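Each structure below appears as structure tokens.
Okay, so chain A shows up in both of these, paired with chain B first and chain C after.
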Partner chain A sequence: MSASLVVTPLACQNGDCTLPMGGRCARAAEFADPLVDCPELLRQSQAPDPVLVNPAPQPSELLPADAAPWRGRHLDAEEAEQLLQRSPARLIAVLGPYNAGKTSLLASLFLQIANGQYGPLPYRFSSSRTLHGFRELVNRANQWSGKEDAEIVQHTPKEQAEHAGHFLHLGLRPGAPSDDRHIDVILSDVAGEWVSEWKTRADDESRRRLSFIGRSDGFVLVVDAAALMGPSGATMDADVGILIRRTVGEMRKVPTTRGLSLVFSKFDRILDQVSPPAVADRQNRDAWGPLGKRIPRIWAALGQAREAGLDVCPFAVSAFPRPLAQGQPVGVLPPFAHVLSLADRRERWPSRPVPIREGASFFSSMRRWGAAS
Partner chain B sequence: MSEQSTVALLGGPSSGKTTYLGAIVDALQSDQLPGLSLRGIAADATAYERLVEPLLEGTYPQRTKAERHVLELPLRAQGDASTDDFTLTAGDYDGEEVERLFQERTRGFSPEWQARAHARGLLLFVRPEALAPLPRLRLAGAPDEAAHWQAVGEKSPPKEEPRRRTKAAKTDLPRPEQGFGPGLNMEALRPPPVAPTDPVRVPTALAIVELLQFLRHVRGLDPGERPRPGELRIAFLATGWDAVDSAWRAKGPARFLVEHAPLLEDFLWSNFHPEDVFRFGLSSTGGDLRDLRYQERYRSDPHGFVEWADVKGTVHKTRDLSLPISWVLFGDRALPTDSRAA
Partner chain C sequence: MADTDDEMRERLHEIWGEWGLRTEHASIAAQLDALAPIHAWLSEGDAQPEIVIRAAQCLLADPERPGLNKRASWTFVRKAVEKHWASASTAAESVLSVQALLLAAWPYDSDDRTIVRLLDGAWEVMVGRERQQKTLCQWRDELGALEPEESELPAEGAKAELTLPEYSGAIPATAAAGLQYFNSNQATSLQYMQFGTHLVQVLNGYKASMEEIGGVLGGLIKGIKQALVDQESSETLRMQSALAPVEGMRNKFDLLWWGQARYCRSLRKPYRHIRDAGEALWWAAWEAAGIARDIEVEPAAAYLVETLSSLGHRPEEKQPLGRWMEGLHESLKQAEGRAPALCERLTALVKQDALGLPVSWVRLQAARREPLTDAPGAVLLPLDAEIDRGQWATWVFREALLDLHLEADE
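Right after this comes the complex of A and B.
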């Protein structure tokens, strides 16, 4: 096998190996390149089919020698594709109608991570190829005065250009010291108009723009709770219901369970009408009170998503209830924790009972089952 | 160690690199650093003079406006049983260049910067004032989501009641550290949970994180891949330490930096072995030279200090400004065993 060949690790027969999940080979000391040489690793020895676009030549060839190694802004489809092919990246589709609060949610997620407030996320920040993109978002959010009708972050432009960036990247490391993996998380940040067009009419063009949906490892669907409670709430309910059904129909069939977090955004604006349910009651439509009554189509579509194998959970979220200097967001992390807990679920090998010989020394009893004697 | 071995200084604008270099050169010239000596003097010594002369007069060194200098200081460090020759290197306008590189992307990652990727160790300068506003010291205990919603629903910000300190349950069992010592904490320190009305801080260290990512990339390290222990050590320096509130100083630089620069701390924890990163509080001049009374004292007794916390949390202090440099070269062996508690 040539080292230059694209090799994708699939699984490893060594229970201690985390290479297929983005970690390290348990026998790394034995091989110069475990990805190619380790006999315990099951691998696919050819490039996987591209899911977003065909990988293009590295753009760095065209840049001056003293250019930064990467752009730092939103990843375009080619860059996201390269990440997907290089590592077992988790692609999370963040979808929703125009003005639902998708980009605000992503900005708030980054701010929580940057402030060391991980809540239920069992990870630590490790890297990002889009730090500049994140900074532009949070700087804009920092200028927000608190007026409801003012933009918190700039709406994601409805770019038609092929090279417009529509993905943010976070590299996360599990918080447990024993877990040595680095997990690339790619978060989509596409214009709401694109999602709406695809929801209404899934033609070739709209499918191509949102081709990542089929490959996604989890879904965060964002819907404006205040709009649902408003005069056009029924229309919104119908639109999002169709969007959920469309997403379920577009998913690639995989044997593992994926998560779908339904985010009721801008929840602070309806707190005088609806109280967020307790964690244990989120799956109960009645617990959402008046909001639950206004979302019959969404709830029915969620039922279809469950039947299709998705692990569905609704969340109340307020990404920017006040200007940044005046207080914290609420509920931003749990929707991502939900989808990542499923996208990053690891099937560990069951531990086998180790028979200890009569009279064995303490050292012998500590030896691993299966180690060469 | 090879002659090309370098220790590089990194930091944002006005993070204290120039003052530190000036204080180091001054201390070297007067033989005040026991473990460090000059290996020679460059043919053009104007850069050294420019660094030291203002300090001798009790003012901070200023950067030249006209030219761009790369400062290189050939040094010899004396370890327990060996000597190491290396070059301490920093650029005059590094801070601005870091920011410009982060912003513009298409130029500025010069061969000099790329060469620093192969440094033996890094001194990472962060100025606490740049990390404002300061979070409050608070007791442990996270408010749950319901408390956050309640705070959002209230028109006026609720008055925060002091949380009760929870007592650990008494146990007769011996704790592991009683038998084995405190050891090395492999788990990342975490900032305490925030209260609903605490401000959300906009991270200020993104450009430094990006630069470290670039340097790791040039060095051939994948994201999350930790270099072999001892191969690349990072001394993380909170500068202007004399001006930091005494309550924070008592907690030590490690706790201070975890709570003030959590993203950078998480990045370091994820990408380097815990034993290869050490936090120091640094005051290159021991006080504020803009204060005329202190300026007078400094002129008669020029000194700075370094503080650090040991594994038990005891904060130590020394006047030896070369300690962070010795640490990146020799690791924990460089920490003095006879230093006095701060």
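Right after this comes the complex of A and C.
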């Protein structure tokens, strides 16, 4: 094969190879350029293209019979449903207005846990069916120069393409050695415009798009802290307040407690005006200083959420305080740890009550040991 | 609970809703159509307890535990109804949707309740599975609910004109002997020093009475059964069903007497002479199960716990499930050949998949002189879940009963 040709890897016969999905060749150490030299790789030669690894639609006849039944990109509703039929996956709704930083938060979350930086998260990374989706986000974030007005990741498109995916997947394993479960976590990644339409219009189409909210096991509501402190802060406060109330309205149908993390994103941009409160003071509006004063509607809505049974906690987060090579994210994991701690509660089930027949003999009226009378 | 087609369909819709599955899924019609065949298959569990055990194991399994779809319980169930599931678009890994189908199609009116109840221990250590908890608890509690009361007498209008065989045994004459002695010696009976002696005589009389009553009942039942042989009229069936409570009554007498005597027949010594508490627990549970085969499980289990308590074993003492299993393993290894072997049917089931059956699995491992190192994967239960001695004793008792039930069916 000519080394001058740029090639696209289609599939690999080596089960450990993730190169076609944008990962690493399992035999990377053997070849100077596995993309060109590895004999196990099925590839397609093509005209030079600046993007070498391109998992574009692939001819199915070239795929091995046991190829993974997912594409690696964002999951669409059908694919998410397949996961839900396998196990009670934890669906976390990540919501917020346009440009709040939802996708950046997800990219940063992936970077941290894939890198083994778990912090307060009592889980470790195990798998992902949307590795390529995450990789695309991270690649884009890696190109960010650090300019505030430049996009860190591409905005999630609001156009509804056929089979467009709006969910990212993480397979997590609990940190406790005695707990060997594999927990599927599905994170919504929908356009801010959709959220706004659902919040205001709530017509059939917008309800259908965000129908997963009623099924969600937890909520991460993202709001741009810098925008709240800016000239349009009052409008933002009102919008997010309404969004929280709408979300609470959906949750009234769910009997068990869910977590709601309110993420003040891009917090690094307001550090000169507001200091993030101590962990114990997060629930105290005054502890948020000037920011707390700018969010009366949000705070009132959070009160309603608590009354409705949601376990609410605000967090200060900087997903990308600096370009990737120059700084670490701050506070990305705690909002997800909060939500997952409620979505993955491990409480013991109640004992089966032992019924006693009316007029039963003394023998028959003896109950189970330890059962409440 | 659900048993007609419509009820099962409605139930499946409810489960989907509660478990967060979409109810407008493309394969819905096929899944609904699969309910009736699965129901029919589960109903065969009346005659084949393996079906009930394997299906119950599938429901016990936490879908988030890895390798579930490779376990024998899963493949057994899946193989039996594969063509229905295939048309219902449930892939090999669709554990949650298959659990929903099993629950919705479960035949609540069948006779398999007893077997399901004997797996109750596993539900006591169940944790998490929040979305599934409500539905599974409903299923568990429904199967544990009261069954229609059995009449202790033949139905009204039934004229049993059978000629009962004459019973030559004497009517128990010693029933009141002890009390008569007590009454006739009232003067000394009231003195503290004499009281103990008289009480022993009263109890001896009571014991003799019980043995005679037991003998009379046993002979009577045997005689009636003999008289009913070859008679298949409805009257005969009514008579036979009327005998069941009488037999149960005798079992109760036996169990109560066993609990009072606190004597281990297997080791031929009083339980108080068995120094190891784990060993005493095992033998007590095993012997009680042998006596209590035909009586209600829960009262018998509660009586077992009280008997252990009277031996000085604190029923509220807690330790992790894994520790209880280790203790039992040690006791059984020490018992060597005296420990009864699992019956063949249960051995086959446990060898392939011991999900939710820790006692039977430990018995199997002890018999094979194998360690418990594979316990977490074998029984698929949270081994660090703390349970008290009372719970563990009832767990051992229930699985011993399961063994005896399956053995009786062999």
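Following the convention adopted for this analysis, the second predicted complex is superposed on the first by the 277 of 373 C-alpha atoms of A that agree within 3 Å, B and C clash if a C-alpha of one lies under 4 Å from a C-alpha of the other, contacts with A are read in each partner's own complex, and residues count from 1 in each chain.
Assume a contact is a pair of C-beta atoms (placed from the backbone, for glycine too) under 8 Å apart; a residue touches a chain by one contact, two chains touch by 3 or more.
As the structure is a prediction and not an experimental result, all values here were calculated from the model.
J.: If you stack the two complexes on chain A, which partner ends up touching A:R345: first (chain B), second (chain C), both, or neither?
T.: After superposing on A, A:R345 lies in contact with chain C but is clear of chain B.
J.: Go through the superposed model and pick first if A:A202 touches only chain B, second if only chain C, both, or neither.
T.: Neither chain B nor chain C is touched by A:A202.
J.: In the overlay, work out which of chain B or chain C sits against more residues of chain A.
T.: Ranking chain B and chain C by residues of chain A touched puts B first.
J.: Between chain B (first) and chain C (second), which does A:R135 come into contact with in this model arrangement: first, second, both, or neither?
T.: It touches chain B, and chain C stays clear.
J.: So, does A:H182 touch the first partner chain B, the second partner chain C, both, or neither?
T.: After superposing on A, A:H182 lies in contact with both chain B and chain C.
J.: Classify the contacts of A:R215 with the two partner chains as first (chain B alone), second (chain C alone), both, or neither.
T.: Only chain C; A:R215 stays clear of chain B.
J.: Pick one for A:T256: touches chain B only (first), chain C only (second), both, or neither.
T.: After superposing on A, A:T256 lies in contact with chain C but is clear of chain B.
J.: Who does A:L91 touch here: chain B (first), chain C (second), both, or neither?
T.: In the superposed model, A:L91 contacts chain C only, not chain B.
J.: Contacts for A:P276 in the overlay, against chain B (first) and chain C (second): which applies, first, second, both or neither?
T.: A:P276 contacts chain B only, not chain C.
J.: Per the definitions at the top, what is the overlap between the chain A residues touching chain B and those touching chain C?
T.: The overlap between the chain B and chain C interfaces on chain A comprises residues 180-182, 184.
J.: Mind pulling up the chain B residues that touch chain A in the complex?
T.: 101-103, 105-111, 145-146, 148-149, 151-153, 157, 186-188, 190-191, 193-203, 206, 209-210, 213-214, 217-218, 222-225, 258-259, 262-263, 265-267, 269-271
J.: Quick one: in the complex, what on chain A touches chain C?
T.: Residues 81-82, 84-88, 91, 178, 180-184, 215, 256, 344-355, 357, 363-370 of chain A touch chain C in their complex.
J.: Per the contact definition, I'd like the list of chain A residues that touch chain B in the complex.
T.: Residue list for chain A touching chain B: 22, 63-64, 66-69, 71-72, 111-118, 124-128, 131-132, 134-135, 138-139, 142, 171, 173, 175, 177, 180-182, 184, 268, 271-272, 275-276, 278-279, 316, 318, 321-322, 324-331, 334.
J.: Give the list of chain C residues in touch with chain A in this complex.
T.: Residues in contact with chain A: 19-22, 25, 62-66, 90-91, 93-97, 120, 123-133, 137, 140-141, 144-146, 149, 252, 256, 295-296, 298-299, 301-303, 305, 315, 376, 382-385, 388, 390-391, 393-394.
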